[in-house]
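Here the chain labels run A, B and C in written order, and each chain numbers its own residues starting at 1.
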Amino acid sequence: MTPVLQVSGLGKRFGGLQALDGVAFEVAAGEILGVIGPNGAGKTTLFNTLTGLVRPDRGSVRLDGQEVAGAPMHRVAARGMVKTFQNVALFPDATVLDNVLVAAMLREPGVRRARAVAAATLERCGLGALAGRRAADLTFPERARVEMARALSTRPRVLLLDEVMASLNPVEMDGQLALIRGLRDEGLTLLVVEHHMRAVMSLCDRVLVMNFGVPIALGTPDAVARDPEVVRAYLGGPADA
Amino acid sequence: MRTGAVLAALLAAAALTPLGLDADGYALRVLTTALLFAAAAQAWNIVGGLANRLSLGHAAFFGIGAYCSTLLLVRFGLSPWIGMLASAALGAGAALLIGLPTLRLQGHYFALATLAFGEVMRVLANTWTGLTGGPVGLSVPFGPDSLALLRFKSTPPYYWAALGLLALCTAAFLGVRHSALGYRLMAVREDEAAARAIGVDATRAKLLAATLSGALTAMVGTLYAQFSYFFDPDTVFGITPVSVRIALICIVGGIGSPFGPILGALFVIPMEEAANVLFGDRAAGLAPLSYAVVLIAVVVTEPRGLLRLMGSVLRPVMNRVRAPAAAVRPMAPRPGAGP
Amino acid sequence: MALIQALIDGLLAGGVYALISVGLTLVFGVMGVVNFAQAEFVMLGMFAAWAGWNWLGLDPWLGAPLAFIAVFLLGSVLHRLLLRRVMRAPAVAQIFLTVGLLLALENLALLLFGSGFRSVQTPYQTAAVHLGPFIVGVPQLGAFTAALGMGAALWWFLARTRTGWAMRATAQDPAAAQLSGVDSDAMHRLAFSLGVGLSAAGGAVILPYYTVFPSVGGQFVVLMFTAAVLGGLGNVAGAVAGGLAVGVVQSLSALVLPLQMQNLVLFVVFIAVLALRPQGLLGARA
């Protein structure tokens, strides 16, 4: 079976900084791939390049066999690859429902149907109570969860989550983990950038470790945690909880 | 939709107004001019308010409308009603042409680029004498009253035509705002990168808004030409008389609201006239100076326009009116409110 | 032959355009505001120099420093009263404040001076220097030299004084500058006053070969904005290069096109730069 996502030879330079240097990996349908690495490793740049926010200098990104590298962002989203923003980029003056509605409009051209899909997605994510609230008035964790719901309502094939566990307490994190597993069970493929090691180890099928724009390990969480390269570059010791 | 009810009431009131005024009088002419520019400002509102792109070059469309219909009338005897449709098409085309390179810009840069386009049109109209008659301008031929030729001796028919255009532009504004396009424009306005990330074709959305705005503005230009009977490149393509005036009306009234252009025009146009009447004879420049000073004052005091200004003045009054007996509660911070 | 003469004329004119445009770009660089009224300050400078000549018998080149000071002070007042209030407001308020200023200043001049055309008479008005087969008008040469001098003074100020460094710091990173103890409000005021003062000085030095009237600013708007945008809005050195380029483009296009169309060429350049490379050919700040 063709992998859902095939990345090869991806490179991107910003001025003097080689942010991505020959990144390559494949993701199978229904897999959860974790992407970890020290700050500045290129994780967010990778997500930006995959979704089209940034044009790669070289390399190929194939989604369901179709080349999307360098395509404009809205077209990549239409093909089914969507990401969340690390700093959470909701539309501040709009309601939570309207935020999600716009995303739902990608698949439902009519406003009424899009609104219904948006409301359903919010319920699914446990955010129904927030629907009428103004996005700028929410707390950061609430906004992060809404952002994920918004990305979800575009009915993606591959969802890229950029640090969605940040600032969640352990109870909220467990809820988020359950949600993500549930999404995978429904057929979604996910790439997850995370700093919370506990989340990564328990959630991900495989982990890609990056350092200075270069992939230095790719394997199961256990294998990666024991890889001496990774330990040297990132963990500095046994994986912490 | 309360907005709709209020607008309908305003429309009815406005439609009846000429009946109480002198048909050939100054007041009705001023009101007609106000309605014309309110319509243009409402068309501008589609790009300025919904897409957050502040155009200083809408004179380009206005002038295209004026010249297109008048040239068709004078050269081919074509009715200005058809001329208006032709103007709309040309205006839409021009908006597409101008929009493609400029809509990716924002803020000051976009204002500069559109300003330049407006000026290009003005220079072209001044130099392409063979087509436009050059700096001398164009005249709409006089004659007996004719609906087909959009030509009347007295003001009320022009007033109602302008009112109709204002209603059309307002309907277009509201139609866009509540449509799928409106939601997409909202997303682009709030955060363009995030909008693109969830599949919004930002370029297409902005271009659609611009095209509609250009078409409507051109139609207003046609009616202006018919109402004024004469115009030249500086009058219909000029920065101050058209581009700045249209934008200022919308901003002073309240950008982004369907009431903004209406309120703005009813404030700005009569104020201009008042300044002319009070100071016009005294010394050249005093009238526009006083007008500029008042506008600066409004922009500096409340950048979001008169609507907000009125709102902030009226709200305490309304609160008192609604609960005269209850004590005024002190403002407590909302629980869970943001940083 | 005619080409080289046009080149010389273009460079001479361009030097002055550079001075005028530097003011515009300085204001944008430090404040982030495009001063749509910048050309009106050129007009004010011309009127100030004319007034100095008419009432004090001062040659415009001597009147230029006075024009600079007068307009500098005016700029200070305008910043304190008006511009300061819209620094945190949305772009729409900033744009329309300076547009309103444009209208106010032009009509104020109309009120004070009337719509008549005024010019000065100087002993060197028709004098020319011959460089081989080429002719260089003395007024133009003088203006160019004065512009050069003022440009050098500005460079020295920005590069060699503490205040100049503070201003550059504010332009690059306002927050960091403030954290280092720079008063950004004062820097804005200084930049604005300097900017409009320089444009006024530019107007003063070209008075010997120009006529002044309230709407003369309109003649410089295209030139100024094209020059600043070519070099990258905010980039002072860029504005200098842009000014020279605009002078040359204008001069060369005068060889083949009538006056009105020359401006069209500049407009096309202007729009093309904004559309294709908004950060300017010298690409400093985006």
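Definition applied: contacts are C-beta pairs under 8 Å (C-beta built on N, C-alpha and C of every residue); 3 or more make two chains touch, one makes a residue touch a chain.
From a predicted model like this one, the values you see are computed outputs, not experimental measurements.
Student: If you check the contacts of chain A and chain B, which chains show up for both?
Tutor: Output, common partners of chain A and chain B: nil, no chain qualifies.
Student: Let me check something: if the centre of a chain is the mean of its CA atoms, which chain is farthest from chain C?
Tutor: A
Student: Whole-Å distance, chain A centre to chain B centre, using C-alpha means?
Tutor: About 44 Å, centre to centre.
Student: Could you grab the centroid distance between chain A and chain C? Build each centroid from C-alpha atoms only and quote it in angstrom.
Tutor: Using C-alpha averages as centres, the distance is 50 Å.
Student: Which whole number of Å gives the spacing of the CA centres of chain B and chain C?
Tutor: 32
Student: Looking at the complex, which residues from chain B come into contact with chain C?
Tutor: These residues of chain B touch chain C: 48, 54, 56, 101-102, 105-109, 111-113, 116-117, 119-120, 123-124, 126-127, 240, 244, 247-248, 251, 255, 283-286, 288-289, 291-293, 295-296, 299-300, 303.
Student: Across the complex, what residues on chain C touch chain B?
Tutor: Against chain B, the touching part of chain C is residues 28, 33-34, 36, 82, 85-86, 89-97, 99-101, 103-104, 106-111, 114-115, 214, 222, 225, 229, 233, 258, 260-261, 263-264, 267-268, 270-271, 274-276, 278.
Student: For the complex, which residues does chain B have touching chain A?
Tutor: 178-180, 183-184, 186-187, 190-191, 193-202, 336-338
Student: Which residues of chain A touch chain B in the complex?
Tutor: Counting only chain A, the residues touching chain B are 51-53, 72-74, 77-78, 82-83, 85, 89-94, 98, 101-103, 105-106, 109-111, 114, 136-139, 150-151, 154.
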